[in-house]
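What follows is a group of structures, each given as structure tokens.
You will see two complexes here that share chain A, one where it goes with chain B and one where it goes with chain C.
This part shows the complex of A and B:
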């Protein structure tokens, strides 16, 4: 990038951050709701968040708040209060609007963080949480909450604007997305489009870039946990969202006195837009590809009696991509690629003693991925072949018991059972294997089969808190994996320590081990010593959190991780000195790919209640990997430096403006030429030495969002225009090489792209 | 993240990004210095070795090579259609192959074999390779597969022009132990059969067009300016199968030879004119059809120098052969 342009951009980003931080504590104008937030003893709850409709504010050190409103709340409007370590409080507003007294109860769970809904895990060393209103207004995301999340520190930039969740430069499959603790597969439609979650159904997203709590497992990277919104209104409400790609609806409300429902459905019409565009511009063959996606989420919460709760949640996604050979012919050949997944989860929660809760959560899931032609579909129908080779089924049962252990300690004991079929690809024997086509030998090629995976994972976690500001969260998780009769036990201890250093300032330390069974397992040696060998990682972290004021937080985190990949057998030769004949013995030796990474993450964030809100973040992530015997190389997503900023401001007359910017190092691009391989008759790329650190050019992009809200008696209407890459910057996302790797041509990123949408929110 | 729908993502990405390679330069059109083929005679070398034993189920492996292998003659086709042809420094090294590294490491000591150095212009470079048994055993020690199947050796050819421009090419040789000791309880399988270089093909011009055979003494194709020469490729005489020894894997099964389908590729190159897309490299010409097609468009006029066609045939087991043909442009043939 041109140095002058980079400097200008950096100046804009930093310049935008400073006034935003300064003005973050300013409240809203209008007739205020006033009151005080306290606990049961009457002690003030400083920093409690008070929300009414679109407006929110924070209680001061005395627990006092004043919430500015643009107009008088309608009858039935609710006031929501959240604070760390307390249960959320939702009250209906009556006639009184001043001197309200709001009393919070201690959190039932471990209570390390804001307990907004559902069960929330104890805080890891670093957890970034964003709520619905923050997530849906980020410029450049089209209101997509997960895309907004990827602008937080800890995420590496997703190339080509695709929906890839790359955490701290690690491989994508080492991190995962959960919905209220239930793991789900891919979360972006077609890997490129919007995420599968409707913004209205999301209550909050927690992001653990590392050192995640014990209730999550089978990952060596990070965790993203999406909390679905429980129905919370005392009357039915709804919303309709329409944009250029899709339309969706959301509704929530009570069903009887003890049951609330929230449901959302969305369907794309990209196929229709493409058709209309092709007809308008008279472009032939423009509709050879017809993408269709839709998704749904629903949640029912029932409180049969005091101390118990029952909830049912369903989520799912459908991606269908049809390729037409001749779109103008009704009899054209077509090929359809589908990727579907569905999950259903029930949760029963019962208080079993003073402060103790038992939670039982069974869930079922089905993933289907295939690509079939019409002819194959007809053949399958004719033969009644119901082959399910492309289908994966998963059943999970989670049982958790939480409760106080002593005055200082609370405990969590959990058990997660997972049955997944097929779960892994088992290759046996691993080596030696004939390298096909090289002549002279054949046979003994490895067998690869899809096998079922069964996991039993008990975990324990305790949270100790002392009055002098120390909290300690030791935890351990064991994973017993069974694949085709082979087993492995992982035993992963973890600990997090937090210490209040001064009012508002907290120091934190964390370390732990994390295991993950990957998609392919290898038996070590010709069936003689079969073992399941998972990848393992060690995470270390140290950081500071500073609550600068009621609305502004600053966090700084140093992290280090080391990862050892799943084993691959290599044969060694050893001379048996003891044998009379001096015979050599071939012995299998497991060797492992390794990854080492370190970084620093900084976040300055202001609460959405402020007139200007958003965040400024910087991530340093240096990630290197190597195969046994090789030198360390930069990992593909070693982005090294990434500066992001997101700011939103509310203007008079219902206008709002948001801007987001990214300035990031180019990803490694190590190819430096090619060598002609006479055996293949083609060129093979050559990698530059690691010390050369060849990279793509620096990446920079600014996005802009303008929205206008029209307030009505029945509904509020929000129209928005989101301009992605408003400067139409031509970023290089990769190189397209000629046949001999001599002349690279840049592959450009996303040009300026508008997203236009309309939301109608019924009150 | 779950990455199962990778294919779907890729297809979607291609559809949205209109992916495709539209780079101007194609491998078939030779405009400057190129190495088009490296062939060895023989492509697979048998070595004398003794088994060390000790591995259950693989009593013939690992092994140690006890005698120097036969000498191998290697020919490289180096072409440059430019008028001014510089003199190059040629350097040929050998090292352990098949381990992922695409070429030899010039900095390595003790594990690289300097095969040849010479100077010369483009043309056919001929050299011989004969590593010692000690060197082969050193490579066996390095090989994570311990020579299982074959010991693979990379020949690394480097051409350096006076101005410092370099061109690199590699060729993989397979040193195979012919006698395979059976596992316990197995009857011995027959020995492997040596691979040979493929050389039998004929280009048959359609509509009474010229015919070009790999056995022609002086192959010349005469075409009208800018004319298309559409050809069928005949592989009459080429063997679509090859035999490998088979171990018994089931009770009652006897050892013997197993016939596997041969892979044969024809690569077409021209210094002027143009092969169409059917002349792309790496097309397996065996399969359900006995003939495939290709089309060459002649230049509009004879260039200052001769127009040459290079036709390289190769299998997937190291076998390789090439023929060079001249193209004459003559209006009278229209």
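This part shows the complex of A and C:
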């Protein structure tokens, strides 16, 4: 496909908004980086991967590489070189851009500790990027990359050790997780367990705590984008991971000349462990709750010809939680809560000119959430309309065209189309509750329905770079949503600026508006009120990045955000007269509110010695919220101060030791007593005034990881012991109140907890 | 999996794992000190005339003062059976988490120092200006009704303070009132009967509660079916018309009408301590050990979710 055809195609799709970008796909790319990769003896390292920013290439049989760049890297940019059997090499680019000599050191087989990569600064945004090896060796995470990510600045501490992605103290639904740009509903099994991604399948995780790029939308918080790993082309290899909770396998390799495959599957056996434990200790009714989870990821990359690439990716997660009334009886009544999601995405990339690429990515997704008893399952099976009502289906098409506009400017024009089918239906049992806290609804929402949604989101982003170290990224994103014929429109301009202040030191500024439409929660009557508006946030940021040397990076970011809108829902029950079927449906009502927040994030990543690496981060986050007429109050996740540190060291004989620590302010605990609610005959909590700033005690925890690697001809074997809360510190995660909120008792956090695992990595 | 189910699952999982159980020392049904057991505004729902909109109120204003009402509370302190208590009450928009006594949008009611505890009654006379100030502030004004929080604070003889709250609703006349269907006006009557029961130890008391249940849910068969499905909810037609003449989406709202029976004792134990009035099994009272012949007091308090409240007091004498 030539450049003109590509421009025509995209122009047809995005209309008149993008002709300038499409027609301007011309200009000059940056000069290529060239050089040679060798080992210490001077022997070439064939197949070494050389990465600079978004561009990458492989060294040939002589170790020679030529990395084509669409733009000239700014001063301080880093070049990363990876090769099997060698330590990753990170170098800061200087003035020399040709005939680079890159010498790799043999991989240290004494352990698989943390490798700290440099912070890959995008053209403008604040982005923390960590690669797979860095993420999987962090103490206290059990090798889970997403849990390791939450130790970075910008994340607030997740209570009870649960896997909650709380970004800058905002509510979780303000932020989202994407897989290669595709949004997924949740990423931790049961909210407590490991993330749904096998560590071996993760290539990189990009974390934007704010001021995220225009290709992401419908959020007012942050973005976590998980990049799945493309298979490697030289030969087949794989890995098997086993620990106390689950087991999984990973394989990757070539299929034919131009196709590579990577696939991973994992299944838990917590149910079996619980059963065995109950039998061993002769505990009755110990398996009243049976959790089962599994997940899968697969990716196929095909390169039919030079300049094009086709990939297919499937990911999914299964969480099933079964409650047994009498585990000893085969005929016991059971209640099953399920949460499944699946995504499939195809991506076609075509080079359409010098440095210009057209990307087309259609995807489909299905989410299934329900909670049913055996009896209700039988009823549902007998009814005519039971098959798909508990599913939400979503189809997305994303088209992006990137390319140089002028010598200084590079453009991105994109369009995202989303169609979400109606019909999330929660089939829930009726659970009467004699006492209800708010005195109103005292049962469970029996039948919730979401409405059809159609969303069209064109976006434009340009990146301008100048030789004196200035880069500017203006962007704009529009979202047009239609829900049952009611339209929401948001138009969000954004801009980020970076300026090189001295060699290795860069300053940056960012501001922008971010919207989250009412979407499926919008209601006809509420929409008539002018105060019911999409949630909107304004993000402001200023920061410094300092690449002190090839191994040390320091970043400092100040941020401020304000949010207003109607993003939260509370439920009432109503009967749709038009349906005339007598069924009651849950009806969401918008809750209007405001949030204001500010903070500071500091990160020092360094490798002070050859065998030691890690990072130190500090986050300050002050978050307040209020509803109309109420005073400002601390938000639930206003953690204020959080200090985290992660260090790993490799020892002789294959041993490795890692430690991580967290010191954090306690979350707000504003309850100071109770008030008897006569409508329910029960007490409801009474909040202390905001100025009292009542909080939980300070939180502190240290985790320890010890691992041992045995190197073999066919495979390397890594055994590890992860000790969470090695000091068995009794942190207070909340208060357990008596019936009238007069006598609190502390709810303790996770005690010392071991995670034992074994990894076999086939070469 | 949505957040509520996750929370449920995690909670159950943790509950099973750690074997948590309620602390018997923290039994809400045993009265040990100063308590408010019931609070009612009579009447809990009033219809008030409205006028045309003005600059502050885009839909309408309340034109007349609402009828005078009475705030009544059942206050018990077994340690101080008689003596002066200090009570004060406030009203504010129900959207607020609490009525700030210093806020402009809070109406403070007359304080009192009743000499005889157990039944406290405060007169309440709001003005239309109060309602309109709240109306301008209230967010969900489109429903043509105001939910107003009523808070009561009682200071005991030992300096302790306890708080209670309920809600009173003021309807505009365009609201198709549940009064038309006989709901608003059929609140539980405020009663204070003192009855003497002589029971065998462990006897089941069921018949009196069933009387309440029979009175409350005289529903059509279809509605009864729905009630069984959802756990004590009944329908009421609430289609309404704006002063502009626009008919707002006619539909039937499902109002919570569950009547919750709470049981309190001074010395004995009750099981269950609270249940929905339609449950047929009643409750079981267990006298304290070595209490034969000594009287105990049992309070039966019935709430509905719309502000209705009634109570009765039984003196329990256990036959040996």
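One rule holds in what follows: the second predicted complex is superposed on the first by the 560 of 763 C-alpha atoms of A that agree within 3 Å, B and C clash if a C-alpha of one lies under 4 Å from a C-alpha of the other, contacts with A are read in each partner's own complex, and residues count from 1 in each chain.
Going forward, contacts are C-beta pairs under 8 Å (C-beta built on N, C-alpha and C of every residue); 3 or more make two chains touch, one makes a residue touch a chain.
Keep in mind it's a predicted model, so treat the numbers as computed, not measured.
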Chain B versus chain C as contact partner of A:718, first or second or both or neither: neither
Which of chain B and chain C A:686 touches, first, second, both or neither: both
First, second, both or neither for A:289, with chain B first and chain C second: both
Touched partner set for A:165, first chain B, second chain C, both or neither: first
Which of chain B and chain C A:176 touches, first, second, both or neither: first
Contacts of A:738 with chain B and chain C, given as first, second, both or neither: both
Chain B versus chain C as contact partner of A:678, first or second or both or neither: both
On chain A, the residue positions that both chain B and chain C contact, one per complex: 162, 186, 190-192, 288-289, 291, 319, 321, 323, 337-339, 369, 371, 431-435, 439-444, 528, 573, 576, 584, 675-682, 684, 686, 738-740, 743
Chain B partner contacts - residues on chain A that touch it in the complex: 160, 162, 164-165, 172-173, 175-177, 185-187, 190-192, 288-289, 291, 319, 321, 323, 337-339, 367, 369, 371, 392, 431-435, 437-444, 526, 528, 570-571, 573, 576, 583-586, 675-682, 684-686, 736-740, 743, 745
Touch list for chain A against partner chain C, complex: 162, 186, 190-192, 285-286, 288-289, 291, 319, 321, 323, 337-339, 369, 371, 426, 430-436, 439-444, 446, 524-525, 528-529, 531, 572-577, 582, 584, 589, 592, 627-630, 673-684, 686-687, 738-740, 743
Contacting residues of chain B [partner chain A, same complex]: 1-5, 7-9, 11-13, 15-17, 21, 23, 25-27, 34-35, 37-39, 43-44, 52-58, 61-62, 76, 98, 102-103, 141, 144-146, 148-150, 152, 167-172, 174, 176, 180, 192, 195, 244-247, 249, 258, 260, 263, 265, 267, 281-282, 312, 314, 316-318, 320
Residue ranges of chain C in contact with chain A within the complex: 1-2, 4-6, 8-10, 12-13, 16, 23, 26-28, 35-40, 93, 95-98, 105, 137, 139-140, 142, 151, 162-167, 222, 226, 229-233, 235, 248-254, 256, 258, 260, 262, 272, 274-276, 301, 303-307, 309
